[in-house]
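Scroll down for the structure; my scribbles are underneath it.
Each chain carries a letter (A, B and C) given by its place in the written order, and its residues are counted from 1.
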Amino acid sequence: MKRSVLSVLLLGLLLVTAQCGPSSGGGEAPQASATKTVVIGFTVSQTGSLNVSSIRQDNGLKLWMDQVNAAGGITLSDGTVVKFKTVSYDDESNKDRVQELYTRLATEDNADFLISPYSSGLTAASAVIAEQYGKVMITTGAASDATYQEGYTLVFQAYTPASRYLTGALDLLGHLDPSVKKIAFVNENDKFSTDVVAAAQVYAESLGYDIVLAESYDSGTPDFGPFINKIQAAAPEALMGGGHFQDGSTFARQLHEKGIPLKFVALLVAPPEPDFSEIGDGALGIVGPSQWEPQAEYTPESAEAAGVEWFGPLNDDFVRDYEAAYNEEPSYHSAGGYAAGLILHKAIVDADSVDTAAVKAALDRMNILTFYGGIKFDASAESHGLQIGHEMVYIQWQHDDAGNLMKQVIWPLEGATAESLYPKP
Amino acid sequence: MKPLDKSHDTPWRNPGLWLALATTAVIGLSPALSGNKAYAREVMFTVLMSVGLASSLNVMLGYTGYVNFGHIVFFGLGGYVSFYLLSVHRLPFYIAVLAGGLSAALLAFLLGKAILRLRGAYFALATIGVNEAARSFVKNFGPFGGPTGMTLKFQVYQAYGGADRALWIAYIVLVVLAVAVILVSFLVKTSRFGLGLMAIRENEDTAEVMGVVAPNAKTWAYVLSAIFPGMIGALFFFKNGNIEPDDAFRLQQSIEIIVMVMLGGQGLVLGPLVGSAVYQRLRGYLLVSPLFKNIQLAVAGVLLLIIILFVPAGLVGWLRRRSSRLRRVLE
Amino acid sequence: MVLIASLIDGLLIGFIYGIAAMGLSLIWGVMRVINLAHGAIIALGMFGVYLAFTGLGLNPYLALLLVALTGLLSGVLVYGIAVHRVINAPYLSTLLATFAVNMIVIGVGTAAFSTSPRNVAFALGSLSLGVITLTWTRVAAALVAVLVTALLYLFLYRTRPGKAIRAVANNRAAAELMGIPSSWVLALSFGLGTMLAAISGGLIATFLPFTILAGAGYQVKGFVICVLGGLGNPLGALIGGLLLGAMEGIIPAFLETSWVPVLEFVLFVLILLVKPTGLLGSRK
């Protein structure tokens, strides 16, 4: 009997320790003395509800890395050539293992820098680990303001924060039609959309809008029919809100089917996605805030005019290279992923080092313009790392000459590629 | 039944207990022996969390025979209550953890009075309803932050000597909890109370005729199985730094816990322990393995199906059937 | 007026809820299996119609026939591979077996289709009467749901295999004694349940955007509906679906829309407590 106890115990021990030992080939072979390979770690939602945006983000980041490595890496002043490699795992779009995987990245895989997962929720969980192991983390696809108000010092945001997602849409509406007063805010009952709409609502009130309806709907709502009837009864002239991709598409399609007479509709997340046009005529006239668009107008000249440094590829080059690499049009998630790499790139160049403290200091000072837009971080203690240089652009789905749906940038006016279609047909 | 009767007199002399406790302790202490302590700690946190959740579920599922899809409700509620106390009222961590466990127990007591009258699939369906109702309610509940949930300031960890130490503290508490769950699971199984539960599992009406006060026994089993997930939820979300409704009340997670119990063998002390360790390490391996990581979900599904079809008694149950000698040590 | 419009909207989606739940109810009634792969099959039905429409240019309603047939066959297949071996084990085993099937379908589906929303760009126009708007694709879907229910009942009550299914549902052991090959009957029932799931998915695809994960929501609603209408009673499922749809239509008129699921599930638990056989269920 004793023997069997012992053997089972041993078996258990074996099982446990076998899994703990270094399993993957993490150790790098001896390298040429002048080359340093910097490891960038992150998780991607290969499966689960976030997988589309997350994979685009991953694609963007990988494109940046491939380009830098192909160009021979970054050469520091002491002659060291910095090259990059990535290590990434599937986080399944949920939080269960995010911390386990980021700890693995920070310790087992010896990542020098971290990139956030996609979404504010997962990023909040990973930020604790980044801060704890003293790793700089560039967040992308994580807009909620709250993460940057928790006292982290090493977390830097590439996205315009949630609180500024819809404020520009209100400015746009005021510009298009000052006579519009009645506005409805409807949003998915989740963290991101609630944060966005709460901030937009405050701004709308300060502008003197009459908020005729402010209501949220459950994330799993399959059918918006009854809710839309309620909106119709409140008779708003403009509608803002939404949530994510699936509900946004459904909502827009049903608004169209029901023929609700709205002059202006701005929805989150869904409209800037290239696939949004799948819903056909329902997409026409819908406005959406976007972190970046393929038609973006940021150029080295505009950087010079604004008195900031230009960094990275030209917009058209990025779009072309991305399409060549992945055979799809880049969305703002793709650009955000690329921008995260670019931010790290610039910080390493500025710091002339891959040391965390030096890179952090460079990020604190950073003030640049890229194809993706401006990048500048809040350096104050209260909201350290919050993005303050980047602005949203607003797109609208319009018909081109051949009658096909296409996205046009309509705000801010300096970057507009077309006149707004107003009122919404 | 013989070994069970013997152990009934002197549970401390039962090798099965010591095997289960030792296995838990080995898992719990393994990070200290590992080359990469922090990563091993995170891996073992996931494993031990599952051990605690699965073993506590086993009291209802394995001993009493009630399939509970709402086990994660206690995890979520405990997480929320303790998080609320920590972040809003700045109460100490240990008190928050206790409060998490107690609130879960209270909910189980009240809920048990109502839904434990249902049997079989009706009970299972009711627990799905409870989970979904809880999730959608918390999403609309202002004090808990509604849809945005709550976050902890990074400085909160300073009170425990920095984030690194805080994570170790959370881990050590979890190890203690896991050992406690195993102990409770064993003591229940070998007690009169446990015999009553198992009688209910075999045939509830007969059990009542034999003198088991089924409603009371079931309610207390439910309460007992709720305390631990309540406290584990508190630890998990303390470590995570934020809490949101969809993370706290994930129906899928309840199902995964059931899978773990079945994988190891329901109704056994060692079953959920082995089941959760194997399940979590398997998922963990598939997630990071270069070969499988893109279709890890499907691969895990195939493996699960094979086990259910061909090893229905679970891994430990299968071992027990192999030899009478093993039956004596694998409780 | 808004109330009437919302009620109509709710009832129209209710037909779809009903038919999505009918398969769950049928499978439970015949073999006491809670089919956790139901949602995944609904999603596959959506993709079936989507692929046939965008890939082959097939009319969605024609595609629906194809989807139904594939659903029936794959249901029999799933039964043979995953369920038959454990059909006599405690119901937890079949539950987990179908959960494993769900993991496999979703895992492969995500790898193949990603979780990007798809939309079948198909419309039949709509009819507007003041605030009431009737979209013809929805009306058609409701009609198909009624038709399918009628056909199912004709099958169950007028044909030999249908009667065999009812006999097995009533008492499997007795049916076997009477010479009914219960394995084939069970496989057929599982196939029918799966077919109903695939049809409901296909119908949803004609008027709502969807993703590979969209079936899960209908599955959970399916449980609620089964309880409303009485577990194991397919016609009850349709009526339960209509009730749920009507509730979802009316509640937003009085409360914040985000409270709908709270009320839905609280009511669900209460009904279970008061009358576990369902509002329409018979005594057993």
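A few comments on the model shown:
One rule holds for everything that comes next: a residue touches a chain if its C-beta (ideal position, glycine included) is under 8 Å from a C-beta of that chain, and two chains touch if they have at least 3 such contacts.
Everything numeric here is computed off the predicted structure, so don't read it as measured data.
Comparing the CA-atom centres of all chains against that of subunit B, the greatest distance is found for A. Pairwise, the chains sharing the most contacting C-beta pairs are A-B. The centroid of the Cα atoms in subunit A and the matching centroid in subunit B are 35 Å apart. One simple way to say how far apart two chains are is to compare their mean CA positions; for subunit B and subunit C this gives 32 Å.
Shared interface positions of subunit C, defined as residues touching 2 or more other chains, are 106-107, 110-111, 256, 258, 261. Shared interface positions of subunit B, defined as residues touching 2 or more other chains, are 136, 139-140, 147, 294, 296-297.
Residues of subunit A in contact with two or more other chains: 46-47, 189, 216, 218. Chain contact summary for the complex, subunit C toward subunit A: residues 2, 5-6, 9-10, 12-13, 106-107, 110-111, 114-119, 121, 123, 126, 128, 131, 133, 135, 204, 208-211, 213-214, 217-218, 221, 248-253, 256-258, 260-261.
Only residues 28, 32, 34, 36, 82, 85-86, 89, 91-93, 95-97, 99-104, 106-108, 110-111, 220, 223-224, 226-227, 231, 256, 258-259, 261-262, 265-266, 268-269, 272-273, 276 of subunit C touch subunit B when the two sit together in their complex. Listed in rising order, the residues of subunit A touching subunit B in the complex are 1, 4-5, 8-9, 12-13, 15-17, 19-24, 46-47, 89-90, 92, 94-97, 99-101, 103-104, 106-108, 121, 124-125, 127-128, 131-133, 144, 146-147, 150-152, 189-191, 193-195, 216, 218-219. For subunit B in complex with subunit C, the residues that touch the partner chain are 61, 67, 114-115, 117-118, 120-122, 124-126, 128-130, 132-133, 136-137, 139-140, 147, 251, 255, 258-259, 262, 266, 294-302, 304-305, 308-309, 312. Across the interface of their complex, subunit C is touched by residues 46-52, 55, 189, 215-218, 220-223, 225-227, 229-230, 232-233, 245-246, 249-250, 253, 257-259, 270, 275, 278-280 of subunit A.
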